[in-house]
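The data blocks that follow each hold one structure.
One chain, chain A, links the two complexes that follow: it is found with chain B in the first and with chain C in the second.
Take a look at the complex of A and B:
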């Protein structure tokens, strides 16, 4: 267990060194929330979204968690290209612990990054709706965000290990980003997607980013009932991509 | 005295580097297509009727034109990253050994970056024009020329910041923050009329607003909410000349005595 924790700690310390990246991400997220969402709120049809600013806040938390957790893939790809993996293998740590540690640390980074943003979202949803989630509801939101971060960390590592070319990795990462963000309910409600773009409705419903955003909205805003499907979808995402990444990492280090 | 032929040789080198960035180009086209196909199309049905009417009837058309300018800006500022990379890899010494003057080198870099950016977003401009239509060749060519000036100015801005800051990390974060704020505080995504007054004032003097509204005008989008074309042209010329001058002056000074190291 100590070896696994050492891997997690190393990756987390690396994350704290990217203060420029974190500052950039924070400014982008705040600009999205306090400029873009505020303006869209003045343009949106209230029959479609009651208040876009409040609607968007939980969605933004989910995308921010996703982006922060995805960052571990960039490092894993760099380590693969520069053969830092050889050094990692020389450490007195079993391979499976090394693999699991990388996936878990990616998830923890996402949760650490998103915690202040979640507090901001809570303040906003409370100010606008007067609602505060109960402790079990808040714990569920945290569990969903953690699972989403874990799955995303796994997805980014699996993607990073699939190629040694940084350009190909960046291209693949962008495709995954845009597909998962825009085919989701982060920016618009599922009912609108079903009405305007029916072929996109099923991928949008199954998308873990949608489930994370909708579950957060349900628990923070009380605008809809949370469904067990949303929770199962995010947990499955975490399990599948967590295992896939760990096995890919273990396989790559055996080559 | 600058020799135009030598300036073009320098510019051509930057334009040719575009051909080496196939993956980047593919990624940007994919990003653009996803934004337009998913967000633009669905958001079109999210807004009130009066909002859509004020924007010329369709948010999709309004949005696609704004996205083109956003991409043009993001591509143009890439020259700053090149400046750092060349300093890191020792390419600056090679460039300085060429039989071109410092000024020809710097002006050529700015022009090359402007042309490269415009070529880079060429496929996106075609997609945008396919959606919006092309009403007048004169209007369209005027707006495209202004887009080139805008890209030229954005390259100058990027070179200015890169020449002023020694650290590539600081440059990266500063440009990221400027990008996030400049795009959102402009009419790339929404008209000034719907912004709170404290944002609207900044958006009205933002060069991205001038470029986006001018491209919409060039593409024939009829909307009372657009910046008047003449004002937009003046704004872009002022932006472009200011930052080209600053970029050239600062970069030229930085090249003397190994200031890039």
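Take a look at the complex of A and C:
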């Protein structure tokens, strides 16, 4: 257990080393939230989005969670290229603990990053709707975001392990990133996707990022009922990619 | 004593290239085994298999009772490796690297601090302990890499070229600390391409070339095993009488005698220390006055050359 904690601690320390970069990211995200959404709220058709600003806030939280949890892949890929992985593999830790530790730390990093954004979002949604989520609702949002972060950490590690050269990794990362966000309900509701580009409706509905965003919206704004499907979708995402990444870390790193 | 490491037909291939070729080698508990060979000999690859970082393509190695292909998790617990290339990320400081390493190895915090301080001070890098790795010199980074294992003090400590890029003072310090670790009971594998380092530190030396083990024995016996490896040079005041070479050849351990220069003979022989009195006696009997007599023993380079036809330097360049 101590070894697993140490693995998580190491990844978290590297995360904090980037604190200025993270601070930059947070403030950029917040600026996005305030400026862009305010502008969009005036431009968008009220039929489509009742109030884009409020709509966008939870979506942005999910975006931030995803981005922060996705960072671990970059580090795993770099370790692989610089053969720091050799060091990690030589440590007196059971392989599964090392692998699980890496995936879990990616998830924790995402949650840590998103916490201040979530608080801001709460303040905003409360100001607009006068509504505060109940403690169980809030816990569910946290659980959903944690699952999303865990799955994303797994996804990024799996990606990092399967593309050894940095160029390939960066390309793969961008493709996955844009596909997941473009084809989601983070920036626009599903009804818009269905109207504008129907073939994307099903992937957008299945996309765990959409489910995470929609669940957060449902719970924070009280606009819609959270469906069990969304919850299961996000949990499955965490389970599948968490396990996939951990097992491929344990398997493929020792050639 | 029983071997604590046992390599059995240990082989590693990368694609069609065989980096380590059917290695059979045992390491005794409590010894320092030098793994000597030119760059590309397969030393690092062998070490990575011992440390359960790479999987053997064929064969295996037992670390204590554990077969690395079957019980890697258990085997790994006994081993610590100071890598050839320091495995530091740019943002790390020596202190955080060592503290984390010691924590993962299960050292409690008081013991951790005590050992880290001691090792850093001994290696002369205490003052830079909070600097980030990218501002440290190659030699300092190497010291940090070695320090990890000196702090960990594992049952089996492996050092892969521990003093490459380290200055002379640092080298002697590191050698002393490796010996100390051995004296405390650790078994040590020292991979190096420096003859002197292997010679002064190891109880036994395994010489590798192109993935194969050429020979493994005590340094003294390796040198003695070269026929005519020792050389005695005798210089005379005047010329060398013909019959001297004849007489010298009759001494049992003498392999070859050549007149190097007009007033000098070179005697190639084994175990010079035993033959010297007989040579002196012979000269005395013949009434010859020797101006000087110099004995040189073969170096490990001669041993390497004996087995490969190349000096280590030549082998490095290939």
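Annotations
The rule is simple: the second predicted complex is superposed on the first by the 255 of 255 C-alpha atoms of A that agree within 3 Å, B and C clash if a C-alpha of one lies under 4 Å from a C-alpha of the other, contacts with A are read in each partner's own complex, and residues count from 1 in each chain.
One rule holds for everything that comes next: a residue touches a chain if its C-beta (ideal position, glycine included) is under 8 Å from a C-beta of that chain, and two chains touch if they have at least 3 such contacts.
A quick note: this is a predicted structure, and the numbers were derived from the prediction, not measured.
Contacts of A:139 after superposition on the shared chain: neither chain B nor chain C is touched. Contacts of A:195 after superposition on the shared chain: chain B is touched, whereas chain C is not.
In the superposition on chain A, A:86 makes contact with chain C only, not with chain B.
When the two structures are aligned on the shared chain, A:119 is found in touch with neither chain B nor chain C. Shared-chain residue A:232: touches no atom of chain B or chain C. If you count the residues of chain A touched by chain B and by chain C, you find the higher number for B. In the superposed model, A:31 makes contact with chain B only, not with chain C. Those residues of chain B lying in contact with chain A across their complex are 23-24, 26-27, 30-31, 34-35, 38-39, 41-49, 51, 169-170, 172-173, 176-177, 180-181, 184-185, 189-190, 194-196, 199.
The residues of chain A lying in touch with chain B in their complex are 20-21, 23-24, 27-28, 31-32, 35-36, 38-40, 42-45, 48-49, 167-168, 170-171, 174-175, 178-179, 182-183, 187-188, 192-193, 195-197, 200. The part of chain A that touches chain C in the complex is made up of residues 2-3, 6-7, 9-10, 13-14, 17, 79, 82-84, 86-87, 89-95, 254-255. Put simply, chain C touches chain A in their complex at residues 48, 51-55, 72-73, 76-77, 79-81, 83, 85, 87, 89, 91, 96, 100-101, 103-106, 154.
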